[in-house]
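Naming follows writing order (A, B, C, D and E), and every chain is counted from residue 1.
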Amino acid sequence: MKNHLRQAVSKIGQPPGTVAVTTTVAEPPGISLLTYTATSLEERYEQPLAACLEAIDPAAVNWLHVAGLPDSGILEEIGKHFGIHALVLEDLGSTHQRPKIENFANHTFMVIKVIQLDEHSKRLTIGQFGLILGSHFLVTISNQKMTSFDLLLERIRKKRGWIRELGTDYLAYAIIDLIVDHYFLSLTHLDTALENLQIQAVADPQPEMVPIIHGLKQDIMLARKAVWPLKEIVIEIQRGDVPWFSKAVLPFFRDLSDNLNMLIDLMEMYREMATGIMEIYLSSLSNRMNTIMQVLTIIATIFIPVTFVAGIYGMNFKHMPELEWSYGYPLILLLMALAMGLMVYFFYRKKWL
Amino acid sequence: MKNHLRQAVSKIGQPPGTVAVTTTVAEPPGISLLTYTATSLEERYEQPLAACLEAIDPAAVNWLHVAGLPDSGILEEIGKHFGIHALVLEDLGSTHQRPKIENFANHTFMVIKVIQLDEHSKRLTIGQFGLILGSHFLVTISNQKMTSFDLLLERIRKKRGWIRELGTDYLAYAIIDLIVDHYFLSLTHLDTALENLQIQAVADPQPEMVPIIHGLKQDIMLARKAVWPLKEIVIEIQRGDVPWFSKAVLPFFRDLSDNLNMLIDLMEMYREMATGIMEIYLSSLSNRMNTIMQVLTIIATIFIPVTFVAGIYGMNFKHMPELEWSYGYPLILLLMALAMGLMVYFFYRKKWL
Amino acid sequence: MKNHLRQAVSKIGQPPGTVAVTTTVAEPPGISLLTYTATSLEERYEQPLAACLEAIDPAAVNWLHVAGLPDSGILEEIGKHFGIHALVLEDLGSTHQRPKIENFANHTFMVIKVIQLDEHSKRLTIGQFGLILGSHFLVTISNQKMTSFDLLLERIRKKRGWIRELGTDYLAYAIIDLIVDHYFLSLTHLDTALENLQIQAVADPQPEMVPIIHGLKQDIMLARKAVWPLKEIVIEIQRGDVPWFSKAVLPFFRDLSDNLNMLIDLMEMYREMATGIMEIYLSSLSNRMNTIMQVLTIIATIFIPVTFVAGIYGMNFKHMPELEWSYGYPLILLLMALAMGLMVYFFYRKKWL
Amino acid sequence: MKNHLRQAVSKIGQPPGTVAVTTTVAEPPGISLLTYTATSLEERYEQPLAACLEAIDPAAVNWLHVAGLPDSGILEEIGKHFGIHALVLEDLGSTHQRPKIENFANHTFMVIKVIQLDEHSKRLTIGQFGLILGSHFLVTISNQKMTSFDLLLERIRKKRGWIRELGTDYLAYAIIDLIVDHYFLSLTHLDTALENLQIQAVADPQPEMVPIIHGLKQDIMLARKAVWPLKEIVIEIQRGDVPWFSKAVLPFFRDLSDNLNMLIDLMEMYREMATGIMEIYLSSLSNRMNTIMQVLTIIATIFIPVTFVAGIYGMNFKHMPELEWSYGYPLILLLMALAMGLMVYFFYRKKWL
Amino acid sequence: MKNHLRQAVSKIGQPPGTVAVTTTVAEPPGISLLTYTATSLEERYEQPLAACLEAIDPAAVNWLHVAGLPDSGILEEIGKHFGIHALVLEDLGSTHQRPKIENFANHTFMVIKVIQLDEHSKRLTIGQFGLILGSHFLVTISNQKMTSFDLLLERIRKKRGWIRELGTDYLAYAIIDLIVDHYFLSLTHLDTALENLQIQAVADPQPEMVPIIHGLKQDIMLARKAVWPLKEIVIEIQRGDVPWFSKAVLPFFRDLSDNLNMLIDLMEMYREMATGIMEIYLSSLSNRMNTIMQVLTIIATIFIPVTFVAGIYGMNFKHMPELEWSYGYPLILLLMALAMGLMVYFFYRKKWL
């Protein structure tokens, strides 16, 4: 969230609608174009923008994908070619928009969050994915690499499912569906992490667990902020409020809606689990303390009184009759053994042993 | 919930509407058909699907029950015979749908959860139950064995109640009612478990209790997720929004609605009880700690000062006049007894003894 | 709540609408009939049902009261005489209905909860009270003895207030009002119990308090489940949605509504108090622990160092010059006193003494 | 709240609408009348009711104020003179009404709570204030002394503000405004008390603080129950739903509404503060425990090992070569000093010193 | 909040609508006027009010800014010149209004909160900012210095963005946007503070952290109270309900709304973080306690039994055969070493070492 703060702060006093690109990805963005109809398919990868824009065929489905964060020049060129609103271009330049949908005269604009697992820190990272859907084009801008696009390409190439028969709106649906499937993939990590933590909290409570649990809780919260607004977007599409989605595509969003509901259920459950693990951890700690104190108390209680008795007969008084007795020493040893046995019995009855 | 994750993840990049069956039950599904009117009754158990479909009588109530998870071939055959929507078949193939109702042109489709108690782990298991209700047929697909169907069969055979007079919609109601009755049965376990835990939390708090309490809390949460959406389904039916339920059957759902409300009340109460037991456990732990420390403190406080006195007279100084006194030893013993008595009195007044 | 579970479980597989009476009261129900107009009054107690039904006068107010749980024969006879719906009779047979109101063609049916204090266990018990209100009759079925009916009888006999001038609807109001007054009576117990617990939690925290506090919390929760739905019933009546209550009677329900609001406020306050007492208890426990540890620490810290010094001069080395000194012994005593004084001063400055 | 319970309980079985006065103020109520127009002003204090009622001038603003709880005779006389509804009189007789507004044919009736600080117990007390507003009269009944009325009298006498130009409705507004100003005054106490408690919770956590904090929380809750319903009343007046308030007066209620919103914000903040102080207190307690245990551990750990060494050389074995050495004693002293130094270094590195 | 209480209390008994200025800023307010059109720009700083009012040009955008709290004379003069409602002037005189918008016949009035970080106490301070927007004028009154106005002036002077083309409404938007940007700036502090506290809570839990965490929580709460009502104001403007904002300006508020939503998300996250840090702190404390007790227990348990053995052989009994043995001393040393080794092994197996 700090990036977002920095971006907001850096724009203080700037007039709105300025295309100010906050570059977090160093490498230049890769531009690809996919043009297909039910019968034909053309693929262009890593080509200059101008060449792509020229190749756009108004009679086909045109998917222009920009990987990485484009500079403002590219954004403005795309904007000019497709007649995209200036405020949309501004939003695309920033990487910290909330998921939203906005309808314009000749296109609809969506921002969706991409959730991915950072393998190193085991924390979730939230990326931004922008979609601009028009009658014959779909422009997507992703500031994170998404490997699973290959599966979608396979479906387009091999004509699997409805993808080659339906238009840009189905393509948009297929991409959103893919992103939501990614959400589940990211949550698998949470699932495993939480189960391991629960086991550890019982068996071996360590102070290092606490910040990890809180980190997971924050991750769940971040994921919630990605999923909830997307659900609202999907509901709006399902209601038929977004003209760029045809009636033929709407039923597919029913499935998406079900998946998002399940995600929300899952996250709620994970949240509860995290809270529960924290409780288990704290009670394990309390329990361990009890065990420690029990050991100390048993040892101290058994030995302190007899040590006192030994101390008495270590005194150097001239007149201590017991010291002269022949059986004084064995008698006192017996007495001590008795006292210790009594203590042991007391602890046994208290179930401390 | 992990199964669900695995299923969602395995479908990444797949086109929607593909009948992908996630088999968790190894044995082949058993197919049964019950055909009855007010006067006649035919029962067919464990027969091939084709034979069952052929025997369907449009003038009677036809209940086709598939126990276990059918493979996609069976699902498609049933779908073709009754004209069931492709997306419904897809949902039936998956075992992790949320409870829902969907109305189609010639049938209505419901998913309901079956809650059963796993005798071994003492945890609740959530199964899925699909109903497809048409004018003259009811197809049910259950991925769990349900023994209580026998009671329903008895009612059909012996013409008890309205079941032979009313149509497929009443049969659907009777099955849902049976499933809800099962919910209560499963909750009996929670009831007993919670009461035992509460008693144990007071008498003998053990660290093993904490994960059990959290397990029960998660079970209650799972059960809630089965009951809440079902309540919404029942309300929708009661409002008359589902055309396949006739007016004659609607009043029966009033009772079902009352039962679901009571279930929700019960689960809320169980949840509060679980939270309360956790609190009792923690305060029992604190209390036990207090007792342990009290014992240590009493013993240490009584013996440490007198041990010090004994230490003094154990010193080897040449000139220690007390050591020479005839009554030195008994005097010092008296002094020690006095000091110990004082301590005991102090603890007695503090109510620690 | 367990009774309710048992009842629901015992009905698995039963057709709905069967009058299955769950008898928790052993003795046979007592049937009484009160028939009055503005001028006349006839009272019949503990008479057979048939005699009562015969004596009903359509021109007067007829109050048929069944104390205890009637068997299904009685219920069916009453149902036939007054034309009461079969589902109402079924509800009357069960003792664990939620408070509700249901309007039928020739009567309205209400279920209300009676809250009473079990003198032995000091826990609240929730009973059920059924009212069937028609144009000239009021049938009430109570599965608990209610002593305060005598006060109502007095008002009827002595024509106090409006009761003899208004019809069956006012009688129904008067009875509900009496039951709500009983709620307050039951809550007096909670009030006293909570105040005593609060005082004890500060002065003398005992582990036995924790289950008592949780028991009170559960009682408050049970009472809430009785009061909230009743409030909704009263609001429905006030709105004029129940045809059997005439306009003349509606203003009286305003008062009832105020009382129920106050009850809800009270219960919320009791709930907060119970939570607060738990917090006070736990902090008292923590505090006591602090005191215990402080005593141990003070005693140990004062005596351990000086005991060590005594130990040094108890060693048997041949060459220990101090032992030969004439003033060795008094010097070492002084040193010890000094060390102990220093410790005492340290604790005094730390405010531990 | 107990008074309220007692009152409710004492009315069990009573017909509604009976003017049953619950007297908590012993002294007879004082009756005053203020009659004023833009030009004239007549003041009558502590006069008999009959004289006051006679002096009422239908062409002027008549403010009849009853201080203390009137007996039912006075209430009935007032009721008869102004045509006040019987149920209003009943409500005025009780002192535990919730704030509410009720419109009648020739007057509107309001109950408002007066919050005052009991100087002795430092707890808030909640009084009741009744207003009956008609076209030319305003009857107010207060069961608590309110000193700040003098300021209002000054404004009437000196014609400050709009009070002499506008009618009875503005007078009613001015009185409510005064009462709300009193709420702020009472909250000043909470403000100071909470800040002092916060400082004490950090510096010197005492068990006596816990019930005080919970007392403040209950006071805040009581105040909330006074303020929230009043806000609803003011909103109803602002909407113009109360015919007895003219359009000229409505804008003034905007200010009142703002003040009530601020009060609600303040109380929410106080509530959070109280919860925070409790948390600070508990963590201070934990911290103190840590300090205590640290002292004990340091002392014990430094002296226990060396005491053991001294014990060894205090043994009386015949053959202990070390005892014969010339430098045995200084060597062993050095060894002990070393061991103690090591322990001190260990604690220093653990930052316990 | 105390200031607010003091102000409310000081006004008890005052007639409403009196311009009572609560001066918290000692220095006289500075009055500035900016008059600009698309082509011309006139700036007047720190001039007398009369001169400014005279210079107002109805054909241009006139921004009259009053820095610091004006006295009632200035407020009344401004009020008379622009025809501002008396109640608005009263609100401007007070410094503790809640954010709100009020529409009048010839102007709209807004109160917005300014959040700034007090560099000394590291706490947020909330200031008030009043805007009165008419057709050709914008009056702003700020009781805090705002340095970032310079950036806005630059935009006006250099004609950057739309500011010189659009009217007073756009100027009002630009100012609100600037204030919201300030909110983000203030929150950067919270962000850093919370992260540092989290690290410290794990590494080095100190009791001083608790009041700091609670201070941050209260700051977040204060900020929430500034942001939430502002969001409602912006929504009202966006809906087109405020006539003084033209259609050309409305789209800009979309951005503002997005920013406010992000602020709310951020604050929610900070709140959760603060709660989490408190939890981490408490569990760190518990953990430290465990470590302390472990050290004590290990040391005590290893040395207490062997000290007892040494005590036995320090007794002065005449007949103690062991003392005479040639190898008594080394044997007993071995025994002690063995006992200590056993204890160490026990702790090693319990993983306490």
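Heads up, the rule we're going with is that contacts are C-beta pairs under 8 Å (C-beta built on N, C-alpha and C of every residue); 3 or more make two chains touch, one makes a residue touch a chain.
What you see is a predicted model; the values in this text were computed from it and never measured.
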item	value
Between chain C and chain B, distance of the C-alpha-averaged centres to the nearest whole Å	27
Chain centre separation in whole Å, for chain D relative to chain B (CA means)	44
Residue list for chain C, restricted to those that touch at least two other chains	286, 289, 293, 296, 300, 304, 307, 311, 314-316, 320
Topology of the chain contact graph, where touching chains are joined (line, ring, star, complete, other)	ring
Order of the ring members, counted from chain B so that chain C is second	B, C, D, E, A
Chain C contact footprint on chain B (complex, rising order)	148, 150-152, 154-155, 160-163, 174, 177-178, 181-182, 184-185, 187-188, 191, 198, 202, 251-252, 254-255, 258-259, 261-262, 265-266, 269, 272-273, 276, 279-280, 283-284, 286-287, 289-290, 293-294, 296-297, 300-301, 304-305, 307-308, 311-312, 314-320, 351-352
Sites on chain E touched by chain D in the complex	1-2, 4-5, 8-9, 11-18, 87, 96-98, 100, 204, 207, 210-211, 214, 217-218, 221, 225, 278, 281-282, 285-286, 288-289, 292-293, 295-296, 299-300, 303-304, 306-307, 310-311, 313-316, 320, 322-329, 332-333, 336
